[in-house]
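Below, each structure is written out as structure tokens.
You will see chain A twice below: alongside chain B first, and alongside chain C after that.
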Partner chain A sequence: MTDRQDMNWICNQWRKLRTSRVAFLLESNLALIGLSIVILWVVVAILAPLLAPYAPNNITGESNGAPSMTHPMGTDHLGRDVFSRLLYGSRSILLLAPFSVLCAVMMGITLGLTAGFFGGIVDEVMMRILDAVMAFPVLLLYMIIIAAVGASAINVVIAITIGGTPGITRIVRSLALDVRSREFVQAARLRGESPLYIMFREILPNCLGPLIVDTCLRVGYATFAIGTLGFLGLGLPPPDPDWGRMVAEGRVWILTAPWTVLFPSLAISSLVVGLNLFADGLSEASRRI
Partner chain B sequence: MTEIILRRLGFMLLTMFIVSITIFVISEVVPIDVARNILGQFATEETIAALREQLGLNCPTSARYVIWLIGDDWVPPARELLGGEDLLPSGCTPEGLDRAGFVRGDMGVSTRTGALVAPYLLRRLKSSLILAGIAFVMIMPLSLLFGVLAGLKEGEFLDHFISITSIVTTSSPSFAVGVILIVIFALWLGWLPGISALMTEASAFESPAKLAMPIMVLFFAEAGYVARMTRASLIDVMCQPYIRTAILKGLPHWEVVFKHALRNALLAPITVITLHINWLIGGVVVVEMLFGFPGLGSALLEASLNKDLYVIEAGALLMTFVATSTQLLSDIIYVYLNPRIRYS
Partner chain C sequence: MDRIAEERVLVVESLRVSYETRRGDVKAVRDVSFKIKRGEALGLVGESGCGKSTTAMAIMGYLSSNGRVDGGRVLFQGENLVGKTDKELQPIRGSRMAMVYQDPMTTLNPSLRIERQLTEVLVVHEGLTKREAHERCIEMLEKVQMPDPGQMMKRYPHEISGGQQQRAVIAMSLLCNPALLIMDEPTTGLDVTVEATVLDLVRALRNEFDSALLYISHNLGVIARVCDRIGVMYCGELLEEGRVEDIFLNPLHPYTKSLLGCIPSVGTSKTVVPLRPIPGRVPALNALPAGCVFEPRCGYSEERCREVHPPLVTIEGDRSVRCARWEDMGEMVTPVSDDLAVSLTVRDKREDTEPLLSLSHLKTFYTDKPSWIGRLVAGKKEQCVKAVDDVSVDLESQTILGVVGESGCGKTSLAKTIVGLIAPTEGRIEFLGVDVSKIVEKRPGGIRKELQMVFQNPDSTLNPTQSVRQIIARPLQISHTVVRSQIQEEVCRLLDVVNLDESYLGSRPTHMSGGEKQRVAIARAIASRPELVVCDEPVSSLDVSVQGAVLNTLLDIQRVYKTSLLFISHDLGVVRYLCDVIVVMYLGKVCEIGPGEALFTPPYHPYTEALLSAVPVPDPTVKQARIRLEGSVPSALNPPTGCRFHTRCPRKVGEICEMTEPPAQLVSEGHVIYCHIPLGYLRQVKPVIHGE
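What follows is the complex of A and B.
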């Protein structure tokens, strides 16, 4: 440790001592609050058929009816029960967001390990291309992809996978570059192991910690993105409920029937905030250790 | 310093080049049959053939990309220069040679309305830039102030309040924030007008009240992020040895903060804000859609929903150009602000 690092370390320790009691409690509390919000929504998604008073696509009341005993969150412009649609709407987003992040992580691991392991010209070319993809505003990327291939659940997954891959690739690459020079990797090379074996059995396991924290953050982004795509009319096709699209459909009546847009907005906000609080707490905790 | 900027400029051009290929490939190669993609699955073979002829789709993809990017009016002079040899395959250069290509401002004709794409998109871009510009001017000082306050009061109530509010506002999708703000300010309090279904290009800037809500949504989308960055940066700087020296030297606290710490602490957030421009652009698209504001984002969205090919391609490239040039600008600002690079 150099002098300067030493001093920084002392300073940080001092800072931690000063703030730890309040901050740590609160931070872990925030993470717990986030986790409970997420768990709540997962339970809702699983139990939706039991909890929902009506089928989500059935017309069960008057058009744009106000909240009442029979319709706790009112009805939308077609007379469908907003509460039931809200409950069912949690299913698609909670399924698609983690799934598309998983796809992006797998792509990112493959590309990042390749770039980090081989280095040189392979690394250079791959990184320049990924830089260019990152220069795209992500939403714009989604828009042209959806315009080219049409809106459907699988295309939403594809769009979000492409949008998330460059960031994950960068992280995996930098981790791989760091691990690559360690002794055990050199030992594996001398043993004559294949590049694939070294990449996935020697390097990857040592990158997993930071990768898991990053993945948690990305589930939040993906949920955010899926909601936004739905709102822009680029998400799941109707009639099945989708929070973003519910807001888009009710947008015109926001001043006369605010319940059709307010409740889906609160639902998606709470889910994304919950995911981010949890991921934030997790990364904070991993930094402390 | 000039060298760094020139290198950055070259890198930006390279990025734009790769992006232009990407846009072209996604919108014209991925759908396999562009004409069918535009007309939908119920179009007859004749109309598809006619559109293919009209758009010059019978020409190989690479040649179409070249024409789209740099036009085709250079083909006849080039042919004479080369002694009759054609650079582009026949069928790619129809009778009226009039395309100038994207780089010279010819963005083609909308397949939906038949209007010229360039003037339409540039008008929309201007509206968007004004909206985003006003939002940016409000976001910068306020969020930096919040970040500095939180950083100086680290671990105290004010810090927690600002940090938690920042997490909540930045992680909520903009459309949800917009809806909640409309319900609060237009419906309950009645202070501001709600969404106007028909905001035309002319009426968008007529009354400031109409712009208040869109700007507020953009503020909430971006300010929390900048505040958190500033907070982290300031806390980091306050731990540096030279700050400790300044404190031990007996300087008053405000002088340590304002004369020594802030200069370095603001370096990171200022450049990060401009790098975060892609995020802001996403927010602008959502805000334009929510409030019916006629900007570049809503134009692109409309085009993307209607498969208006040339508007999508040109708009996407235009938007990426705005994004990359802002990134270049942020690099230059960084070089200018950072004495370690400036004097090297």
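What follows is the complex of A and C.
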């Protein structure tokens, strides 16, 4: 294609993007910044083998070595390159956080729709059980679960799912209560639709807006939670590079080798901030629609 | 010079108002000019979005932050108000110029007593002391016929009824004897009988205070009752202006003519005069036609109407019209296109079969049982709203039955009970010979699909995440009306029946107008070819020009599919036009049932009589009796004993009305009146509306 045709194609794509349904994302600066940060980390996670100078678990330098030309972020107490561990660590966190939130959302939707649609005793019982779960301090809850079932990737997902379900259920339930009173739901009842159809095909699509924004926020919380669990030693088992665990291991040496704690902490914060900005921007944009 | 300036209280010259929006400037009002003299009432009439409220706001200087006056002058008693700051306008607003809004509940401060709000006006503008202001306010409340003004002053707005609130607001606006009073749809939220009393009040006050009145409404009947002159607005422009009699009897602009032709009034029924709705829809303000703004929907347009924007032409000094062809209007016969006119319903004369729907002693009560804590601590008692109390009605097949009544009469509860969204408390509903006195989930599937409903609010009646195609196809899939392979074809056919183009198939409800959404809802309801469709106020929230289209659609459906309709409304004109048999309800009870023509001629039930005399008729030549009801509809929580209507009945006989429920009196075949007054006396009552 000639240069001119290339330009035209790019302009067309841009115009299509601007008028498509996701165009509202581009209107919010906050969303754009947040999205860029998240996309940056995703790219890093995908290209980690190419970007990392060393394998993450190999001992390649001196113990607690300062940042230098060969090790741009220094080495940890065992002599592993911090930079490489950081890059590889992004993979597990970017995989686990969204996945666990997704599980929590699926559970939350099912429970919330059921409670909102049926009401009555079903609603009461479900909400009280979930209230009890929510009453636990989240961290304590995670610790209890992991202590009970052991530390592994799946168990981290289970813990975050259990911790996140009550909140999501509440949101979905109140949205469902609101949508249920609308006339098109009454029309569906008149047609004789089954409760399952009404819940998932009539009510749920109308709850998605606020739900999506909340989900993005939760991915941020989940990222932070995984980091915390790692810090407490309850995350992925060693020697996998887990940002939280890196912070925990480096904590002892914080005065002499601060880089072992600083860079993983910055990584966690930047990802959480990016996700939060994106969620804020999304909610701002969706309110303007 | 001075006398002329004094006479013209308000002169609006070429007013232009625009709003800044994300999509650019929206020119909401373009080149509007009119004058109001002292003591004169000008009605600005138009549909939603035509700019009448914007004009009022611009005159008062209350435009929102993104609105501005682009051009023109607003001369109030000689002074130009455009460009003045809030500080300069403050001494004028409230004292020399006052406004009454649509919703009195939001006009009055809910946390201040009436006394405080009313006296504040006098204290600020005229510098009176609180005591003097209090005296003046009591006088004014008496003038607006507020019962027990002393007590009223001490109350909060939520403690008084809607009609009383509006009177308080009107009193507030008249306290300083303003030269100009602007009223923006002040009676739209009120019941018909209450509206009638407020309109009477406005007329009486006009005689007493000679303020100039600018009355804004979409209801031509109300304007005919209150105003001397009318200005017709459409899409931001003033299309015609003149005296009320002239405009109604000899409209010059095609829009005015069409508007008058599509309002159902209490005098006409579908068999007499078909409604002629205006095709098309109001153009979006950012895509205005180059020539005349009404041209795309006008049946008389020519080439020059498309190219040149017509100027406002003044005729005979007191009439103006914005139309290039106004001179030819007199000779023109309104073109009636075949698909818009309604052919008379020819009903197959069926043998005496069972009625399609039979209600016997139907009762729907809403009980509110407080929790044991509530009872213990707060002493809450069980409360019961008798929404539908012992209703027995039969609906024959292929008829349209209308249920009419004011707020709280139980018509919506009746609809929901018949359809099965609410379970009846007592009584029996028989449909197609099957007992269906239960909630819809428990009814047999075959019966369910024969009974469908069209709802009131077009904005929530369709699922916004589904396309029109999905919405209409779903009931076809469920009820197996046609084989799977033919579903798409049937969807297109249904759209055709409701007069919507195939291009709507892929649209979502968010991009559609109220009338279009309601028509899709009708298509959805008739998809399963039901025997009976219950319509709960389907046209109440639509513009007048669109109502006609939807009503005609319903008539077409009844004719083509031989469906029966149960049509619920508070609008007597619509019910008269559409329905064969009408039921009048009051506080859960039936007052009168009968065929349309019989109901609207004597003998009447006293409530029907009052309703007929209260309805504003869009024809200034019609003489209407003046029967007004005291107070407002009593609460359904504590309905009156005996005849529910006795607290307001102007023809109350005596104690018997308070003690016993009225018996059914058979007037003629199919016409029953529930009243203690003997029929012989009722037959001698004069007709309420005459002179049509």
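Everything that follows uses one rule, which is that the second predicted complex is superposed on the first by the 262 of 289 C-alpha atoms of A that agree within 3 Å, B and C clash if a C-alpha of one lies under 4 Å from a C-alpha of the other, contacts with A are read in each partner's own complex, and residues count from 1 in each chain.
Operating definition for what follows: a contact is a pair of C-beta atoms (placed from the backbone, for glycine too) under 8 Å apart; a residue touches a chain by one contact, two chains touch by 3 or more.
This structure is a prediction, so every number in the text was calculated from the model and none was measured.
After superposition on chain A, the partners chain B and chain C are accommodated together without colliding.
Of the two partner chains placed around the shared chain by superposition, chain C is the only one that A:192 touches, whereas chain B remains out of contact. Of the two partner chains placed by the overlay, only chain B lies in contact with A:233; chain C stays clear of it.
In the superposed pair of complexes, A:202 makes contact with chain C only, with no contact to chain B.
In the superposed pair of complexes, A:265 makes contact with chain B only, with no contact to chain C.
In the superposed model, A:251 lies in contact with chain B only, and not with chain C. Once the two complexes are laid over each other on the shared chain, residue contacts for A:138 go to chain B alone; chain C is not touched.
Contact with chain B, but none with chain C, is seen for A:280 once the two complexes are overlaid on the shared chain. Here chain B and chain C sit at a least CA-CA distance of 7 Å once the structures share a frame through chain A. Once both structures are placed on chain A, no chain A residue is touched by chain B and, in the other complex, by chain C. Residues of chain A touching chain C in their complex: 182-184, 186-187, 189-193, 202, 205-206, 208. Chain A meets chain B in the complex at residues 4, 7-8, 11-12, 15, 18-19, 22-23, 26, 30, 128-129, 131-133, 135-140, 143-149, 220, 224, 227-228, 231-234, 244, 247-248, 251-252, 254-255, 258, 261-262, 264-266, 268-269, 272-273, 275-277, 280.
Interface of chain B with chain A (complex): residues 14-15, 18-19, 22-23, 26-27, 30-31, 37, 154-155, 160, 164, 167-168, 171-177, 179-180, 182-183, 186-187, 194-195, 197, 235, 239-241, 244, 277-279, 281-282, 285-286, 289-290, 300-301, 303-305, 307, 312, 316, 319-320, 323-324, 327.
On the chain C side of its complex with chain A, the touching residues are 419-421, 440-441, 445, 448-449, 451-453, 455-457, 460-466, 474-475, 478-479, 521, 524-525, 528.
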